[in-house]
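The first chain written gets the first letter, and so on, giving A, B, C and D; residue counts start at 1 in each chain.
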Amino acid sequence: LSHTTEMRVRYHETDKMGVVNHISHFRWFEVGRAELLRSLKMSMLQLEKAGCFLVLKEAKCEYKSPAWYDDLIKIETKVVEVREKGVKFHYSIVRGETVLAEGYTIHVCTDGAGKVKPFPMRFLKVFQEAMES
Amino acid sequence: LSHTTEMRVRYHETDKMGVVNHISHFRWFEVGRAELLRSLKMSMLQLEKAGCFLVLKEAKCEYKSPAWYDDLIKIETKVVEVREKGVKFHYSIVRGETVLAEGYTIHVCTDGAGKVKPFPMRFLKVFQEAMES
Amino acid sequence: LSHTTEMRVRYHETDKMGVVNHISHFRWFEVGRAELLRSLKMSMLQLEKAGCFLVLKEAKCEYKSPAWYDDLIKIETKVVEVREKGVKFHYSIVRGETVLAEGYTIHVCTDGAGKVKPFPMRFLKVFQEAMES
Amino acid sequence: LSHTTEMRVRYHETDKMGVVNHISHFRWFEVGRAELLRSLKMSMLQLEKAGCFLVLKEAKCEYKSPAWYDDLIKIETKVVEVREKGVKFHYSIVRGETVLAEGYTIHVCTDGAGKVKPFPMRFLKVFQEAMES
């Protein structure tokens, strides 16, 4: 299962090189992740209400081609790994047929105080189904 | 009393026009405000520990001259108005003799839940002294 | 004429106070402005191709009510003043019936080198129509 | 050779989880990289004047421990790989004895139009010396 969100590149996301600054891609990953979770009826807010905060352990992005101001881009997000206490998302940023960037983020489930803990079972199940479908 | 902080313009603060994006100035205001408070022995963290969160009510910036990547800029911050429940800071962003921007922010003191309340007396006194000195 | 754009509050737009950091509102203003221009068939890119860069001279925001993560917000943007060399936009950020913030930005038309110049006549006309309609 | 820059965590770098949002680390990497280059008498601006733009190909960060508002952090940056057309930097973000995060960025040298090209020889030499020292 891959979830696709569409968005426009904003002016303040560019830098003096004339193209999008590399930091913005990590913001887009967040948007893709949030919308994938929403499509699974498991929004970040619901996760947090259930006492599960998705803390980042690792984030990586490979840049293939520049993104320009006002580009209409797509963020394709999928769950690629699920563990008892963690989850890995993969992202592709595309514009038309062109892949602009690919990356992933690895998260652990923590309580409000930052302690790592297992995902609530119902969320774990949804993540696993999302990965396998 | 005016407090001065020095900092460098970062690459990701520029945009495709080649100069600093106007949003960064509000980030610099925050740096100036934090350092002014620290110089008054009343850091944001201390304020928050005392149950006072500085919520923004108004922010304004007038742009006089562009800032460029890697510019060494100064943020001159001062307290210009103090009330029982609020405070106003004024900022000048300068590079050498050139004023790049001027602005202000108005804040109210709130408890953790967002309810406006008077500043703790000892902080109020420090704000007033800072304004008059 | 008021143009409305809808968007979601992102996680990285919040700060440790639990609500949206005040800087994000200026990012939203940019989105509102870009979409208003697009609706007038006069995108930022078209303006820039015609040699007109919209440089910020002044930006202000008044904060009425906090915005929260994942809020579905609307940005209502309109042209409120048009001059030969400048334009002023007004913005309201709303969530349902609640006005979260209001503000404006004032821009001048500059050539690529930063020199202020009159708007190309066809753009001036569109701005004026947008203001009066 | 490792170059160390010190800085303070800013309020707007935190998010509603109460700690620094993971995106800020990539901003800090940029600061570390810029200051390392400056210490080598080869600032980003000098590189760009010589027709060499450092375009990102890959960025990764591993998060070890949360950073808090107002933390005084150090960014330790070093050159870990040098090729004819590319360079890799490694970063450690530390607070006192605690490693908060580690990461790297890989860049290629491009001309203004985005075409990959070899580093000017004098810069290549400086990178190599920085790596070996």
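Everything that follows uses one rule, which is that contacts are C-beta pairs under 8 Å (C-beta built on N, C-alpha and C of every residue); 3 or more make two chains touch, one makes a residue touch a chain.
As the structure is a computational prediction, the values presented were derived from the model and not from experiment.
Two chain pairs, A-D and A-C, are compared here, and A-D has more C-beta pairs in contact (counted per touch definition above). Note that among the pairs A-B, A-D or C-D, A-D reproduces the B-C interface, with over half of its contact pairs the same by residue number. Chain centres here are Cα means. That of chain C falls 33 Å from that of chain D. Centre-to-centre spacing of chain A and chain C amounts to 27 Å, using the average Cα coordinate of each chain. If each chain is reduced to the centroid of its CA atoms, chain A and chain D end up 23 Å from each other.
Residue positions of chain A touching 2 or more other chains, listed in rising order: 11-12, 19, 23, 27, 30, 69.
Against chain D, the residues of chain B that register as touching in their complex are 8, 10-12, 27, 30-31, 34, 43-45, 69-70.
Those residues of chain B lying in contact with chain A across their complex are 11-12, 14-16, 18-19, 21, 23, 69.
By the touch criterion stated above, chain C contacts chain B in their complex at residues 17, 19, 22-23, 26-27, 30, 53, 55-63, 66, 114.
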